[in-house]
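Chain nomenclature is as follows: A, B, C, D, E and F, assigned in order of appearance, with residue numbering initiated at 1 for each chain independently.
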Amino acid sequence: MDLRAQIRGWLIEDLGGGPFPFEAARDPWCEAHIKAKSAAVLCGAPYVLTILEETQSLLALGPAKAPEIEWGYEEGARVPAGAAAARARGHAQTLLKAERTLLNFLSRLSEIATHTAEVLGSIGDLPAGFGGILDTRKNTPGLRHFEKYAVRVGGAKNHRLGFFDGDLIKDNDIAAAGGIRPAIDRAWGLRYMAEIQIEVQNMKELEEVIADGRVHMILLDNMDLPALRQAVARARQAKAASKTGKPYSLEASGIGGGDFRAIAQAGVDFISTSRLVRAAPPLDFNMKIVRVG
Amino acid sequence: MDLRAQIRGWLIEDLGGGPFPFEAARDPWCEAHIKAKSAAVLCGAPYVLTILEETQSLLALGPAKAPEIEWGYEEGARVPAGAAAARARGHAQTLLKAERTLLNFLSRLSEIATHTAEVLGSIGDLPAGFGGILDTRKNTPGLRHFEKYAVRVGGAKNHRLGFFDGDLIKDNDIAAAGGIRPAIDRAWGLRYMAEIQIEVQNMKELEEVIADGRVHMILLDNMDLPALRQAVARARQAKAASKTGKPYSLEASGIGGGDFRAIAQAGVDFISTSRLVRAAPPLDFNMKIVRVG
Amino acid sequence: MDLRAQIRGWLIEDLGGGPFPFEAARDPWCEAHIKAKSAAVLCGAPYVLTILEETQSLLALGPAKAPEIEWGYEEGARVPAGAAAARARGHAQTLLKAERTLLNFLSRLSEIATHTAEVLGSIGDLPAGFGGILDTRKNTPGLRHFEKYAVRVGGAKNHRLGFFDGDLIKDNDIAAAGGIRPAIDRAWGLRYMAEIQIEVQNMKELEEVIADGRVHMILLDNMDLPALRQAVARARQAKAASKTGKPYSLEASGIGGGDFRAIAQAGVDFISTSRLVRAAPPLDFNMKIVRVG
Amino acid sequence: MDLRAQIRGWLIEDLGGGPFPFEAARDPWCEAHIKAKSAAVLCGAPYVLTILEETQSLLALGPAKAPEIEWGYEEGARVPAGAAAARARGHAQTLLKAERTLLNFLSRLSEIATHTAEVLGSIGDLPAGFGGILDTRKNTPGLRHFEKYAVRVGGAKNHRLGFFDGDLIKDNDIAAAGGIRPAIDRAWGLRYMAEIQIEVQNMKELEEVIADGRVHMILLDNMDLPALRQAVARARQAKAASKTGKPYSLEASGIGGGDFRAIAQAGVDFISTSRLVRAAPPLDFNMKIVRVG
Amino acid sequence: MDLRAQIRGWLIEDLGGGPFPFEAARDPWCEAHIKAKSAAVLCGAPYVLTILEETQSLLALGPAKAPEIEWGYEEGARVPAGAAAARARGHAQTLLKAERTLLNFLSRLSEIATHTAEVLGSIGDLPAGFGGILDTRKNTPGLRHFEKYAVRVGGAKNHRLGFFDGDLIKDNDIAAAGGIRPAIDRAWGLRYMAEIQIEVQNMKELEEVIADGRVHMILLDNMDLPALRQAVARARQAKAASKTGKPYSLEASGIGGGDFRAIAQAGVDFISTSRLVRAAPPLDFNMKIVRVG
Amino acid sequence: MDLRAQIRGWLIEDLGGGPFPFEAARDPWCEAHIKAKSAAVLCGAPYVLTILEETQSLLALGPAKAPEIEWGYEEGARVPAGAAAARARGHAQTLLKAERTLLNFLSRLSEIATHTAEVLGSIGDLPAGFGGILDTRKNTPGLRHFEKYAVRVGGAKNHRLGFFDGDLIKDNDIAAAGGIRPAIDRAWGLRYMAEIQIEVQNMKELEEVIADGRVHMILLDNMDLPALRQAVARARQAKAASKTGKPYSLEASGIGGGDFRAIAQAGVDFISTSRLVRAAPPLDFNMKIVRVG
């Protein structure tokens, strides 16, 4: 991902075309405060200076002074409502033209990090040995990597990032290949470090996977608690994939508004949910110029 | 905006690098159904075929057959939960590799259109002459134009799209310029067809704008109902900007969870809110392969 | 518009491909003077340093010293023939490789600004209340925003920049829609701050627009003086668009080599002409190295 | 040069951002005539269909019918004023959104080709053995290759296209290198098929080049007729560069409004002038929809 | 990876800038044979049509006929020296301008596939349970994904593709982190499906990794046969990483010109070598036009 | 060629997508040595700092300190095996993430420069007047300009860089045009400084070229020594192209493993061979962190 090209794309979306020639000498130097309107887990801070730099670059502010930023909180820290998370300094045009893009970015990432932290907090203690809450690939197009980063900052873990760091054999892959075994055949041995996981929806499919003996990462999709417990019991009894010796790793998905603790207590290693990203309620940052000249 | 370049960017985010050479002759032709999990206002349909085409182009499927799509509903129509909104046909790899990007896109746009339609529906009849509910520039970076399109499909209107189609003089612009009059001076006369709007937060600022006599679009920001009514009364009494003869156009913003009908009845022409876009609850589409070969 | 990407595109057009590794330590530091061969209104100066910077970046001059520029005149000022508009300093390769692109850019913008200023000067005093001379969208592909900027520097005003900051309903739009009213129907209410203007070519069309009552910006296209006077009289008598209360704003276009003063005295608010940009006579800048080492 | 990427850049300059979803089924199929307002040498025709195709691609017109074009004249032919140079057919939105870009492009190229043909026509017969009239690198940034193509279509020849297809040692190169000989030293032997030319401004410099004996292409810059004749006589007497055996090739430049025939008769092989491109008077094409549906 | 953008980049590298308008009607339709000069494992075939298509697109050949290709051999098949691997048909300019890029691409990929197949063939039978010969990340910049694909076509396997599909903790990572344990701490738990491998160079480091108990993929770097055997024995005795239960997976690297069979017989699971890609001897394809018109 | 965009492409190929936010303050400052594993002609050094800079830019290391590099050898110098060619200093993440790309680049260029120097050295003294050993256009797609640069650093010369700096009429061009004369007709007079060369394979073709009298650069392709000597004798007897007066310039190509000295002694001016680039044996650089903090 060409980080700076992407940021320029966001800025141009707001700025439109056009040359913006300003004489830096006449454009006053300002200081602005960036605040969260409500309490937030700060996320995205390391990129804010980059957004300011790229704004100034697009504005062709000649031999202008570089923008600066000073953070009052670290990435991932809790920022109280109304506290100045950062003090930004720059030419007026740099701050004014970067403002909306910068706030939209910071708000989006922080709302995911904040919501993730709240979801984790609300679950409370999970069984020893439970691996963690994972996100999914249900992301906003163009923000996949940023949204997954925000999930990490919020304290949860990332499932695979895309097709490139793990093969998940899903229902449509099985349908296109003509069954569980031919679907595993297509994926097996292609990757050296990226693992294969397979989705099963019932005991029959689970038995097929266990009988095949190659794949040890199993996604238990859309199962209710009794079904989950039965599946977990079967896999734990089988212990490990017979052909690789790797112990089964079990993930529950499609849990909707289900009870995370009960599902974790059913014995799965991981739970994945799109809600960390998709259900994060809006959280706003704003920016106010506090000093001119 | 280079539509196809942006779509390729989304796909690459999911696909990662790599050549994907498949022999089309061996890759079966499939049909898949695209369904909304819950009732939805369909939005984004015209782009789905483009996503499939660009996926196939990235896969270098040689002399493959072009993907096809057949929609059961028109853009903007209500699709019942579970109904097949579309039947897509294509080589298995085209459908499988496009799936997540396509669904994420369709889900995001449709959830905004659906939420917008619901917000409008919940408000009920508004005063004759009321201009409409507007969105804001609080968008996901990279999706501004798509999200604003979804707002239109959902039945509301767009405020300006960016800096390029309207000058909104906000608090920070006034601060940087050193006051309302110098801020208007900077913007005045630069644009021929794109209007100027100015934000005021109290009667004192409103009086300054009226006295200046140039700007006729006024944004009444963060005012409670009594303050709004007072501001409306004052502007209606002044009728039009003295220097242009254009009748005042009044917009209420920053209304949070306020009562849209009461605010509209206070006499403003427009109400803008970021909630159409930012508070849209998640809405999922999925895709299932229903026929192979 | 990604300003720096566009500038790199111009440079590559001249430089072609290839790595250009020079050891900065051996490449002498030079000073060059940039002069206009004839008197000019200087335009484009704020971008010249950016062109030098991007040239040096493409040349991979390692840990080289940054180029510098010192302007003897401000953007928009009149530079006498032969005067050193700027003194540039940089490594020889930076100056030599940037030279032609830099001069072509500066010459193009300055010839438009100079020609615009001359056209305005030749017209002399215009009626009080006359709004100004406008440009058109007849621009060199790829230079739209720069050429419109040069028009502003030369003292005239910009008509809309593109489709995005104003809707101009022209003859082809009316033909495609099937008439004036359906053409207005298609455009009405889509934009919040960007206005709608409609082109009329005779009194019959003008009456249709007045009867419709929505659009207040009218383009009187290709009318001779008597026709213009008649159209102005009719619109002034109608005063304002009946449905919006906005006073009519009248623009004359298609005036060819017509008499700007007479047309302005006919009572229109604006005159647009492509000649500011398209008929600007060539004006050359050159660059001479005056000191090496 | 990525032709289609550049064309998309021009279109986006006019269209701005935004999705433009139209249902092709509802958007009428139209026919439009493209005409030159005055007699023109047609130039740019092969690209017009590409512009229409890229417009339709950006508009995401779904499974729309491809635009078509039928030319009444061949590239380089003389098109009478008002004659339909082409009949274009396409969906209304494709034609309307492509119109201005297409016309600006066609007008710019055709005005150069037309002007070039006129300049050549006005010169009349030139001495047998005269090599031709050449253009320069004084081009509009971003249009170098197109403008040089238009010069060829108009009947003149191209000087080098850029730094990559010929080394021209100019005054600044000589200054930076510290003299004619060290400047030739830097360039000599680097290129296999791209020749070296050197600029001289007087007899002293010419003698240095002849004495050096390597470079056979000589640019006689800014010389009046008597000086030109003296320089030509000296080079013809020397016949060929002593170290390569290649006969001297002499070019006159910097001739301003000079008399092409007299200069050619002075015995140079080539004359270069920026006026073919830079002094081409504006020439307009327009487009009219002539049939809908 | 935007496949088509990258291919256009290769073509532009050869074609340079410039418009290339040819009238398709006049440009003859040709057939050409593509042959390997020596026996080759064919690799890259699925992309050749894409290269021809993109060449034609860059040339703006108007309403030209699409190029076609017919392969006499399948991807991965052995093509005898001098046999026509493919028959390509297209307009002359499409074939002539694509020729060098197409051949350079096909030659590079096929030489890697051919060399890989030869290396594998020369090794002969390997021990049952041996996992395979792997490549490395020592690739030509810009061709990583293509070269790794060619390795697969040649019959070997890919080590990780990049940083994104596996974490390999190497000597420099250990140095920067301050030891093996802190280096594992930094990587541990960040990835869900992409595994962690660690490089060790001696028994002491191996013991540290075994004691830590987290990482089960171990890279035995630069060890001679006795050292390898000792390391293998130690790891096999420990069986599996104590904290994950995953059996140790052992890879030998840095083997230079070592004896693959002896190393495999020493008991490692995998051997990686950069020689598959880096030491592939040149293998040429050529193209001959065999029919015109 | 947009140098920095291309380098970012290489880095992204290795890094994949994703934000990489690290707090520079915590990421230790390191020093690393870059060494060649075997003796090498150093090539690519001027770009290494650029690679480090672009890596740091992609990593968004906030207000981090810029990376530095100090070379112990000049570009083109012989670096002994194991000697520290450079000392690089930077934040750990900058060095670790740039490492593989930087080494792959430096290794590829240096192996070409080293091999070229060795080939030249092994040939020994060549006849006085012999022009030089040339490369070809058989390059790795995407690295054309870099590989040709490495050939120059190694001491040989470049044939044309691409289609843009010389017209080489090859067998396929002759076939498509329908003969030698029509092929020359198509190319003649199109270029001002870029020469035309024509490929001949036997005396009959050579006679046709001489009879035509226009082209003076002749490529003697795939001729054995006796044939070469006969062709040279014929051309030397003809001296110069009759229509231009330029002495014949003769190049031997397709010499395979032929004897360079014998071929040069046969009297050609140049020999071209793809082996400088394509047959360069692998040569590795590595990087070791030697100090942390």
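Criterion: a contact is a pair of C-beta atoms (placed from the backbone, for glycine too) under 8 Å apart; a residue touches a chain by one contact, two chains touch by 3 or more.
Values in this document were obtained by computation on a predicted structure and should not be read as measured data.
In this assembly, B is the chain whose CA centroid lies farthest from the centroid of chain F.
Although chain C and chain D share one sequence, what matters here is the overlap of their interface residues, and that overlap exceeds half of the numbers used. With each centre defined as the average position of its C-alpha atoms, the distance from chain B to chain C rounds to 31 Å. Centroids of chain C and chain F (each the mean of its C-alpha atoms) stand 44 Å apart.
Between chain A and chain B the centroid-to-centroid distance comes to 23 Å (mean Cα coordinates, whole Å).
Multi-chain contact residues of chain A (touching two or more other chains): 1, 12-13, 16-18, 144-145, 161-162, 164-165. Note for the complex: chain E touches chain C at residues 12-13, 16-17. For chain F in complex with chain A, the residues that touch the partner chain are 8, 12, 16-19, 21-23, 57-58, 60-63.
Within the complex formed with chain B, the residues of chain A that make contact are 1, 6, 9-10, 13-18, 28, 30, 32, 92, 95-97, 99-101, 103-105, 107-108, 137-145, 162-165, 171-173, 175-176, 178, 274-275, 278-279, 281-282, 284, 287-289, 292. Here chain A touches chain E in the complex through residues 132, 134, 152, 157-161, 164-168, 189-195, 197, 217, 240, 244-247, 270, going by the rule given at the top. Of all residues in chain E, those touching chain B in their complex are 1-5, 46-47, 49-50, 74-75, 144-146, 148-149, 161-162, 164-165.
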